[in-house]
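Common to both upcoming complexes is chain A, partnered first by chain B, then by chain C.
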Partner chain A sequence: MRKYLTFFKIRFANGLQYRAAAWAGVATQFAWGGMTLLMFWAFYQNGKNSFPMTFPELSSYIWLQQAFLALFMAWYFDNDIFSSVTSGNIAYELCRPVDIYAMWFIKNLAVRISRAVLRCMPILIVAIFLPKPFNISPPASVISGLFFLVSMALGLLVMVAFSMLIYISTFYTLSPLGIRILATSVIEFFAGGIIPIPFFPEKLQTVVQILPFASMQNTPFLIYNGYMGGSQIFWGILIQACWILGLVVLGKILMQMALKKVVVQGG
Partner chain B sequence: MIELRDICKTFKVAKRNAGLGEAVKALFRREYSEIRALKNVSFKIDEGEMVGYIGPNGAGKSSTIKIMSGILTPDSGECVINGRVPWKERIEHVKEIGVVFGQRSQLWWDVPVVDSFELLKDIYRVDELSFRKNLNELTELLDIGEIIRTPARQLSLGQRMRCEIAASLLHNPRVLFLDEPTIGLDAVSKIAVRNFIRTINKERCTTVILTTHDMQDIEALTERILLIGKGKILLDGTLNELKKRNSTYKTLVVDYTGERIKTVSGLRVTKDLDGHVELVVDTTLLPVSQAIAIISSQVDVSDISVMGATAEEMVVSLYKEFEI
Partner chain C sequence: MRLYLKYASIILRGQMQYKVSFVMSSIGQFLVAFTTFLAMYFMFNRFNSVNGFTFSEVLLCFAVTLAAFSLAECFVRGFDTFSGIISNGEFDRIMVRPRNEILQVLASRIEFTRIGRLLQAVLMLIYAVPTSQVVWSSDKIATLVLMLIGGFCVFSGLFIIYASICFFTIEGLEFMNIFTDGGREFGKYPISIYGEGVLKFLTYVVPIALFQYYPFLYLIGRTDNVVYMFLPLVGVIFLIPCLAFWEIGIRHYKSTGS
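And now, the complex of A and B:
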């Protein structure tokens, strides 16, 4: 376990040093969150009752999304991993006593967490003091708050487990670009990154809710703002846990198959 | 203990002719050709041996190394190293081996070399005490004490290669695979690397398998050589055996005083200086002993030495002999 902790520490420390990038990110996310809210505000003026959430609930959702963007961003991929496969440097990784799947997983976790740590606080603090109803409200209840934390951790694991599949696909396709672009837009849309899943047409929602994408940012944020309560929390977290298990097992199998017929590029 | 039996490996390679038209055609139908990189490769290497693995480019040297280090899975055949099958028990297996790929880098590009060493220490779970001891020893032997605080990207190739070799030995592996460790190095670095490899082999009893194109490496380091060509092991023997195989020509280096030497058939002068001469003897025409007798009957010999063909020449003639 210690060696994986070392990978985590290195990546984490590495991620913390880009302070300028973090400030730029914070600014962008403010602008983006503000614009999204103003857009929804315009729709809400037309008739509040036709929407599934109250506006304060939506505000909380949007600010959480902006604050923890780094945890759930679909477009982040570690280029070192892609290039190690396409250039053949994976040869060295394969002659280390480490599980490649676990190592890549940990590296991704570390980068996402380090970026989120730098960015979430400024956004959350400012969002608290914004005028009502554009501010972030406290969690719907203490229970919601606690389960939000659990569910966010699980959501991050779902996210990373899913992106592992994209990394592994490089063994088969050599150029990860196509799959990356496709996966990024699919994840972004079905995870509720563009509009929250409760705003989807009802029939679509029933399908989307059981897809892995809904288990990323959707579940924790909806638990936080109280849209999901009671037994829904339980089911949401159960689905998340199932997806983590499913995606990790699938990823490990695909990785094993890939390694069996791996060709080291470039002699 | 390393044992390979009937290892076969095939690669599928996509092929197309040059040109846009061909590229478009390849979108719809791609032609693959199968390359049989290794055909029934078998050999056995004992603990503590140092073996040179030679062959022309594309002969299958690197593929063999990659199979032995658990990176590639062969199509068929058996391979047991220290009682384990590398690709089946990869993680346990790699704890006991060290690998250097001369054309790649395992050092972390942006940070001082010593940071990469620390990371390797954690990866291999080397305890602090033996790590320190090992590191001191390696830095001294390889003369890298000055440079391990420099980021890897700022090192020269020779410096970097010495660090690479140190990196692969930090966990005290029982077997060391070196895939072209002296590629692109200058004479001084080459000698440093060779001396080091010899020391490690002697003192730690590390089994060393070395692929190279540099025949001086082979001459300086290995007793035993394996020649591979077109995926097959062609020869397995000591350097001396090989030399005997193709020793139809011997070189005589003679220091003498007296008249100029008169040559006979089978004896040819290649270098003629005042009092120093080098001659080539064709042993099918003239035994070496007779050649020496002829020379010493003519002049007063102060020093004479007989040399076989150099390894370089031998390998070229071997390649020719096996048509690879």
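And now, the complex of A and C:
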């Protein structure tokens, strides 16, 4: 266990180095979140149809999304991992007395968390002081707040467990580029990264909610703003837990199969 | 120009060597744009219209922005990845060659996989052109073409500014993304829906609204002011300060030495 903790620490410290990049990122995300809200505002102005959530709820969702973007960004992949497979450096990793799946998993967790730690605070603080209804509201209740934290941790695990599948696919395809961009756009869309899932047509929603993508950012943010309450929170977290289990088992099996017949690329 | 075509054909042949990867990337590009379209469709499915613009009108706007951006990204991609050229010293080699630097940077990268995105734009145009209830007289067609040209120039100009900043900072500035990628993402709706302030900023500072919003109003018949039709040409003029900034950047260039 200690060695994995060390991997985590190294990556975490490494991620904290890029402060200037983080500030640029914060500014970009801030503008991005603001524009998204203005777009929704325009729709809310003249639409008389029923809105899936109130505008303050939506504001909270969007700002959480921007603040914790690093945790759930679908396009982040560790290039070292890809190149270790394609260049043959994987041979060294195989010699080490560590489980490769666990090591990659930990590294990814560390990078995502370190980036989020750097970026979330400035965004959240400014978002609190924005004029209503564009500001972020406090969690819907104390219970929502607590379960939001639990659910966010689980969501991060689902996200990383899913991206592990993409890494593992490199063993089979050797060219990660195509799959990467495909996976990124599918995750972004079905996780509610472009528009929140409650804005999807109703029939589609019932399907999307059980997909693993909804268990990433969708569940924690909807718990926070009170869209999901009572037993829904329970079900949401249960689905998240199931997906973590399912994805990790699937990933481990695929990894084992790949390693059995791994061809180390010379070089 | 002949030299550029020569470069282009070499790059195209190079990318065609990896056909599967090329096709996958193009499909990926298409999907990225398609999910954005889908999200927009869901929104209009629920709300019908935004600021009085209907779905097919907005689609027209989206298609023009996306097409202009894809074309710019396809051919001006060299500037987008310029920080790499500076930091690995490639620019030193470019400067000693007896050809124009801009031409060489342009020709260093041509991203033909953007065809996927362009395809999405074309499909949307095919859908939106007949359904948008625009009477397609010759001046409307001319407006559409002008919008595309203006858009291409504005996005190219932004890429050039982005590259020029690298002369001073070596690294690319992530913040510029809000104008390039952001321009594409948020340019899918007529700029006016974001409110007065944003509209003014995107008119006078970063002239995205000039090729997108104003001529679009003329296109769908919200205004008869012919001036609006020719505003995209101002977008072409926007290239001049961008190129001037580039020249200043070159004079400040210090090799990174690696």
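Here is the rule we use: the second predicted complex is superposed on the first by the 264 of 267 C-alpha atoms of A that agree within 3 Å, B and C clash if a C-alpha of one lies under 4 Å from a C-alpha of the other, contacts with A are read in each partner's own complex, and residues count from 1 in each chain.
Basically, a residue touches a chain if its C-beta (ideal position, glycine included) is under 8 Å from a C-beta of that chain, and two chains touch if they have at least 3 such contacts.
Not measured: the values here are computed from a predicted model.
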Next on the checklist: With both complexes superposed on chain A, which partner does A:A27 reach: first (chain B), second (chain C), both or neither?
Outcome noted: second
Next on the checklist: I'd like to know which partner A:K252 touches here: chain B for first, chain C for second, both or neither.
Outcome noted: neither
Next on the checklist: Which partner chains sit in contact with A:D99 here, chain B, chain C, both or neither? Use first/second/both/neither.
Outcome noted: first
Checklist entry - According to the contact criterion defined above, which of chain B and chain C contacts more residues of chain A? => result C
Next on the checklist: For a test of understanding, state which residues of chain A touch chain C in their complex under the given definition.
Outcome noted: 21, 24-25, 27-28, 31-32, 35, 38-39, 41-43, 45-47, 49, 52, 175, 177-182, 184-186, 188-189, 194-195, 199-201
Checklist entry - Which of the residues in chain B come into contact with chain A in the complex? => result 11, 62, 66, 69-73, 87, 90-92, 94-95, 97, 99, 101, 103-106, 119, 122-125
Item to check | Residues of chain C touching chain A in the complex | outcome: 18, 20-21, 23-25, 27-29, 31-32, 34-36, 38-39, 42-43, 45-52, 173-175, 177-178, 182, 185-186, 189, 193-195, 198
Item to check | Interface residues, chain A side, partner chain B - complex | outcome: 2-3, 6, 10, 88-89, 91-92, 94-99, 259-264, 266-267
